[in-house]
Each structure stands twice: as structure tokens, then as C-alpha cells.
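These notes open a run of structures that come right after.
What follows is chain A paired twice: with chain B in the first complex and chain C in the second.
Then we have the complex of A and B:
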């Protein structure tokens, strides 16, 4: 999968917007959205929010977790914890990234948030690398990766799965040779 | 809604699809798209879902035609259609890529399977695979094989094409609890390795042990 595809999936997450126009319910194939009335917050999928925002017809309400205090606590938790902490949204990085790009003016402290989110991403990436190292050294055939986001999985996928495939082949042929040796 | 999806995923009854709303069908299509993109081999064709979605798109397009131009609603509807069309074409293109790669093997499987086993190819895909294999075969014959000694002229394409690597590692998320899935076969220094798949958990393991679970919707690839 391309990173763009993961972002595409993340764009289905709901966000709150405050429209400045009035419009009845829209009956999308993916579900009904609206009605829109000026000043009243309404939940819409992220792709729709961005489209309306680009037309300057709404304000985006950043999700509760996109807040300097909350993100700072998250970062501290991430540093303190040995494992991956639970993300406030399965598409945390993509949603934050998209909102910070397209609705910068509606998010207080956007620059600070951007740095903090990058920090969290880096901390998690480092954790992920050291965990992969452990996993590969153990020669395990299986791993459980709760709380890992799709974007994170996608970034390590090409490298990790290819090497695991090779290792599996080697392991299988090794045990095959050993068995042959012992029967002889 | 999850229940509905799982129920229709497990049973192969076609009538199930009729009870789903357009949004649910779309969700199933997106699921099938992700699975197809991430699985090493060709999965069962969800042609019914694709057809329902194409009908929906057409209907929506007709509605748009009738509506006034320049309306905000219309441009938003267009945007949604583009998104859905992307998923449909990416899904079908991904299948075509796999069919091109494994055509001789897929055809061989179609020949040898029993009648009640569902076909992995839609009729159109089957025709495509057949034509492709025929053309490759002809090409080999006319450019090289006919100049070879007679006893070397036969070539079995399905024996020389590479097979999908079912031992490929995949990431997956669990939707239905499943116990004692054997992830690693028994070897001399390892006993066989079993895991329980709990709802909501994410795992990394070989594709082969969970192939059936992906097909019936108990897990999905991520």
C-alpha cells in the first residue's frame, strides 16, 4: 500500500465542523451527512471537511485530543512506557497531519503541535525498530502488535515482511536439511 | 452493523447482499480492496459488490445530471463519486496485476477444482486470463519453440510460472475470536506454535495459516 492509500482510509474519520452556510441533508452513498446550518457544529468525514474548508465555508473544530496539553501528556506517556501507548485515534498521525495542513488557522498552537506530533512519531518509530530487532533475534514466527497504527505498519512493511519471508525460507530449509541428516 | 457484515461474510448466500445499505456495501468493498492489496494470492472475486457499487455510481451520476450546475451539493457528490471510483478501479486493477502474474496457475486451479468450490475469477477475469495464457503460449511457439527439436516443443506454462508466496508475512486485525491458530509448523527445535486471536488484536504472521479467515471476514489485513 502507498502512504497515500493509508491517508485515503484515514479521511473517513469523522471531525466536527462549524459551517457558515445552510444546506439540507446530503445523501451520500457512504451515508447521510448534515443538515448544515450556520454556527451549528456537525460531524462530517474528514475528506468532506477538507473540501468544505477549502471553499472557505466552515471552521474546523479540532478533535479533543489535538491540544497541546493532551499531546504533551501523550508524549510523556510514550517516553515512560515500554510498550506502545494507545493512540486517541487509530489514524492519529494522518488526521493530525491533514488537519494541520488544511485547517491551520482553526487550530491553536499549530506549530507547537506539529513538532510534538513529530516527536511522538519519532519515539514510536525508535521503539518499533528496537522491537523488530528483538523479534528478529528471537526468530519468532509470530508477533502481536496492538496499538500500532496503520501508517506505522505501512512504513515498516516492505522491509520487515521481505526479510521475514527470507528468514522463514532459511528456517524451513534448515530444519529440512537437519531432518534429512538425522535419517541418514 | 458489524454483526450484519460478519454474518454475510461467513455464509456465501448471495441474497444477503440485498439487505445491506449502500454504505455497508461500500464498506465491504473497501475491506475487500484492502485485503486484495495486501494478500499474496488472488482472493475470491467480489463481483457482486462491485456491480452494486457501479450501479450506485451510475444512479448518482444521473441525479447529478438532473440537478443544477454550480450547486455546492453537486460538487461534493462528485468528490464522493471520485473516491468510490478510485477504490473500485484500484481493486480491479490490483486483481488484474495478480491475474497477469499467475494466470496459468489460476486457470489450472479452475480446471481441477470441484464444481461446488467457488471460482476465484469472475467470468470476465476468466476470459482475460485465458486470452493472456493463449497469447503467451502462441508467442513462445512462434518465436522459439517451433525451431526446437520436436520432443522439446511442449511447454507447461503452469509449471514454470512462479507461484504466489503463501508464506508471505502479513499484518492483520482480528474481528472474530479464533483459537489455536497454528502459526509455525513443527520443526525439530521448535514445537508447533499456536496463538489465540482475540477480537481487536493486531498480529504479524504468515499468510497461509489465516488465508481462510481472511476470506470469511474473521480477520482483515492491514
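Then we have the complex of A and C:
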């Protein structure tokens, strides 16, 4: 899966918007959205929120977790904990990224949030890498990582599976030659 | 027809249609175009952009597109020409005209359908337009009378004679009066509120305005002021309005500075120095090339340079600092520069060195002043090309200049600034040589000078924006270079400049600008040129949307000028 695909899935997350126009219910395959009336908050999928926002027809309410204090405590927890902490949203990074680029003016302290989220991402990526290093060195058969987000799995997957394949092949050929040596 | 409610009468009408947008090539029109584009984007309106340079191109492009479009928006063009007459559109085509050229053509204004004028609600402007009744009148009753006359018997005719004579007399009187009214109305050409400002107000009424659009509106207004299209009082009132919009858009962030993202556009109002491009140049160069300082110091003389040095010494700025890029000057000097200049300016007779202006900043980039943006976009619009790529060049200039406006930090803006420096240098060196040689002649009712083919940079002079800027620069400097008694006289004289327009065709471009002392910026050359051309049967073409710029055949120049002198004296 490409990062773009993951983002596409993330765009199905619901966010709250305050529209400034009136419109009846919209019937989508994935479910109904609306009705919209000016000034009344309504939950819509992220992709729709961005589309409306770009046409300057709504204000986006940032999700509760997108707040400097909360993100800061999250970051501290992440640093303190040895394992991955639980994310407030399975698509934490994608949603934050999309909202910060398209609805900057509706999010207080957008710049600070951007840095904090990047920090959390980096810390988690570092953890992931060191864990994989451990995993490979131990030549373990399986590992269990809780609370990884889809994006994170996706960044590591192509590299990890391919390299595990390589290692497996090398190991097989090694054992093969060893067996041959011993039979001779 | 005058549109009173632009949202319903204009925008909502074209919202679900395909729209053709014709844009004149000046900075104000481009800014208006950018705002309109943003609005169209919000509502997914399909539109086509077409740059038009003069009337014949307007007609040509219209002919090309008239099959496909029923709604045509004209930005800074078409307001002062009789559209129905020159375009002869079919009846289902409507025009929406947003134009700052004045006077408005009366047919456009009084036309009940097809032509819709977007104007600002301004008492003065409406009052300037003559009453409908005084220029149009039904002749039906009269015609009927005359028809009846023929069918009626001869004997009866005698009885009506007295009455018809009376009627005819009255009609003649009325016609004379009408002529007079129209003559008064069309005597001067001048500029109304900027088109960008009008479109911005449309956006505001639709509550779709944001900082980007405000910046474009500011640039549009700055263009009018900088190219001397409007006087200071009109500029100040526009600035006050813009300032109101600015504080309304940004009031939410005032309580807490860090709530706003760095990457968004921040606009600030300030009393800035009236120096060209000084944030992007060295202070010394900027002082040499800005109109107010260059003409006050007379930098084309040795004494002038000396006085400029004195001025810098008075402010306590070392030359090494002044001659390097402004951004590398010591911070302490930069911070104090404004107050230093202001203090010393009075001693050196520099008035109005500061003016109200806006600047924008995005990210951690340098601030961009509105007037600098105008210089840059104007320079991009008139970028010179070699002969064979001329046609392609004009369109790419249009695209480039639009591109440079798209963001405050657009890389094209930087290119434009470099081009603008070259243009300013060309202006300054030409002004120096014109005054040194004494090429400006008084022809009685006006001052006259000609740019000769073969002068350095002569190609720039064929371009209207540059020529306009140059003529104002020249007039200012020339008046300053005279002694006191002559100066008073020269202040009240307008200036006419000829420059080679197209060397191959042997045509000359002529521009007339109003005298220095005239604050209203009303230009009487439009009509004068027209009359002079009629009288001498010169081969002129009044193609420009600005009536005070015309082109004519080189051979007709001298008789044209003679006629102009007689007309104006």
C-alpha cells in the first residue's frame, strides 16, 4: 500500500464542521451526511470537510485531541514509555496533517502542533526501528507490537518483509550447504 | 445599466454558466482578475481568461469567443467605449464591466440590458453622469407629426406651421445643450475606484474574502496611486477602507500573537518611506531612483549627488552601509531608518516622503511592500522580447505576472523586482540625459519632448506603463530643475511625450499627462488628440483603453503637433 492509499482511508474519519450554507441530506454509498444548516455543527467525513473548506463554506472544529496541552502530554508519555502508547485516533498522523494544511486558520497554535506531531512521529519511528533491530538480531519468529497505526506499519512493511525474505533465503542456503558438508 | 447588488445581479447570474473574462494589461486589472478567479474557484465556475491589450484585440477576441459564451466579464477595459457599437453582440450576450477608466460611456451606462456596470456607491460619481432626460429624448411624437403632415392636406399644414416651428426651435436648442453637456462630461479622462477594490468588495459581500484577496485589492489600489492615476486624497480614502477590512479580517488574532500560523499571509499597515524597492535594493540606489528623492536632490547633477551624500551624512549612515543590500544593513540602522529619514527630510525640502502603505509577509521571508509588488508585476507585464517571439511573449508575460501575484513569496515576484530595477535605472539615466541636453521644449500650451530611436533602452518606451511612469518622473524632475519663476509656470503645463512604438511600421506612441499642479489627475488629452487627428486627418489609432495614449504614423507627427498646439491654446 502506498502512503496515499492510507491517507485515502484516513479521509473517511469524521470531523465536526460548522457550515455557512444550507443543504439537505447528501446520500453517499458509505452513508448519509447532513443536513447542513448555517451555524449548526455537523459531522462529515474528512474529505468532504476539506472540499467544503476549500470553497470557504465552513469552519472546521479541530478534534478534541488536536490541542497543544494534550499533544504535549502525549509526547511526554511517548518518551517515558518503553512501548508504543495508544493513539487518540487510528489515523492520528494523517488526520492531523490534512487538517493542519487545509484548515490552518481554524486551528489555534497550528505551527506548534505541527512540530509536536512531527516529534511524536519521529519518536515512534525511532522506537519502531530499534525494535525491529532487536527482532532481527534475536532471529525471533514473531513479535508483538501494540498500538501501531496503519501509516507506521505501512512505512516499515515493504522494507521489513523484503529483508526478512532475503534473510530467510540466505539462511536456507546456508543450512543447505552445511547439510551437504556434513553428509560428505 | 448600473448594478446595485453585485452578488445577485452579477455573481449569482454567472455562477452556473461559462464565463469569458477579458483582462486589460495593467496591474490593477490583474489583481481584480486574481480575486475573481479565487471566487470562481470557490463555486466551481467555468471560465476562460483572455488578456486584451487594446480595442482591436478586444474585438478580435470577442469575435473568436462569441459563439461559446453568453456572459463576458471585462476587467479594466470597455467601460469608456461604446461596446454595443464596436462589438455588435447578439442579444443574448451580456457584458459585466468592471472598469476604472472614466468617463463611462453614456450608452453603456444607460443601456437597459446586455451591459451591466459594476460601480462603487459613490455620490460624486453618479452625480457626474448627466441626467437621462437631458441627453435622450423620444422623437416619436415629432416624427409622427411630420408624417401626418405629408398625408394631410396642404391647407391644414399652414395651421400647424407655427407650432412645428416652435417645436423645431426648441429641439435645436435642446440639441445644442445636449452637445454641451456631453462635451463637458467627456472633456477629461480620469480614473475611478480601482477594479480590484470593486471585486474585493464583491468577495466581502459574499463573505468569501480572506487575506490573500485583501492583498490583491491593496496592490490594485497601490498601482493606481503609484502610476499617478489617482490623487493622494482618493488614495487615502481607499487606504482607510482597506485598513478597515484588514482589521476586520485579523481581529481574532490580535489578543494572542502565536495563534496564527507562520505560513499564512500577514498584512500590516504602516507609514512607509516612499522609496522604490528599497527593501530589495541598497538604500543609496533606491534614493537615486525614487521619484520624490531623485527630483528633490536633482541627482542628475554633480551638486545633486553631493547633496544626497550630505543627506546621508546628516542621518549618520555610513556609505558602506547604504551601498550594500538593504537586507545586509546593520539591524540597528534599519530599525531607525524611518525616523532618521523623516527628521532629515525636512531640512532638505523633501515633502511627503512618508505615505500610508501596506506590506505583506509570509513565512520567514522578507516583507514585501505593496508598491514594490506593483513595480515588480508592472515590469513583468512589459518584459521585452526579441522580435520573433513577440506574440508568444505577450501571453507569457500575462501568465508570468499572474503567477507572480499568486503568492507573496512567489519566485516570479523576485524576477520581477530585478526587472523593475533595470527599468528604474533606464528611467533615471534617460531623465538625466533629457534634462542635461535640454530636450524638453515648451510649446506654449504644453511641454513636449521626444524619445529618439537609437537612444539607449528606447525599446522600453513603446510600452504604456513604462512610458507613463517615465513621463511623470520626467515632468517632476524637469519642473524641479527650473528656477523659481519658470517653475511656477511649468507647474501648470501638461507634458506630451513621443516615443518610437513600432520601428518597422514607422509608428510613434504619444502620451499626454496632466500638469504637476493638478491634484485631480484629470487628463484632457483624450479629446485634444481626437480633435487634432480629425483636423489634420492624421493616421492615428486610438486603440488604447486609456484615451491619452495614442499611436500615429511618423510622417503625420509634425502636422499633428501643430494642430494640437492650436487646439490647446
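Basically, the second predicted complex is superposed on the first by the 169 of 184 C-alpha atoms of A that agree within 3 Å, B and C clash if a C-alpha of one lies under 4 Å from a C-alpha of the other, contacts with A are read in each partner's own complex, and residues count from 1 in each chain.
Basically, contacts are C-beta pairs under 8 Å (C-beta built on N, C-alpha and C of every residue); 3 or more make two chains touch, one makes a residue touch a chain.
Quick caveat, the model's predicted, so the values are computed rather than measured.
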Three-chain arrangement built on chain A, chain B and chain C clash or fit: fit
Angle at chain A between chain B and chain C, C-alpha centres, nearest 10 degrees: 110
First (chain B), second (chain C), both or neither touched by A:112: second
Partner chain in contact with A:56 - chain B first, chain C second, else both or neither: second
Which of chain B and chain C A:28 touches, first, second, both or neither: first
Of chain C and chain B, partner touching more chain A residues: B
Which superposed partner A:104 touches (first chain B, second chain C, both, neither): second
Touching partner for A:178 - first (chain B), second (chain C), both, neither: first
First, second, both or neither for A:169, with chain B first and chain C second: first
Chain B versus chain C as contact partner of A:20, first or second or both or neither: second
First (chain B), second (chain C), both or neither touched by A:4: neither
Smallest separation of CA atoms, chain C relative to chain B, angstrom: 5
Common ground on chain A, meaning residues reached by chain C in one complex and by chain B in the other: 55, 57
Residues of chain C that touch chain A when the two form their complex: 41-44, 207-208, 210, 256, 258-264
Residue numbers on chain A that touch chain C, as the complex places them: 20, 54-57, 104-105, 108-112
Complex interface listing, chain B residues touching chain A: 22-23, 26, 30, 34, 37-38, 53, 56-57, 60, 72-73, 75-77, 79-81, 83-84, 86, 90, 165, 167-171, 183-184, 187-190, 193, 195, 200-206, 222
Sites on chain A touched by chain B in the complex: 1, 5, 8-9, 21, 23, 26, 28-31, 47-48, 51-52, 55, 57, 141-148, 150, 153, 157, 160-161, 164-165, 168-169, 171-172, 175, 178-179, 182
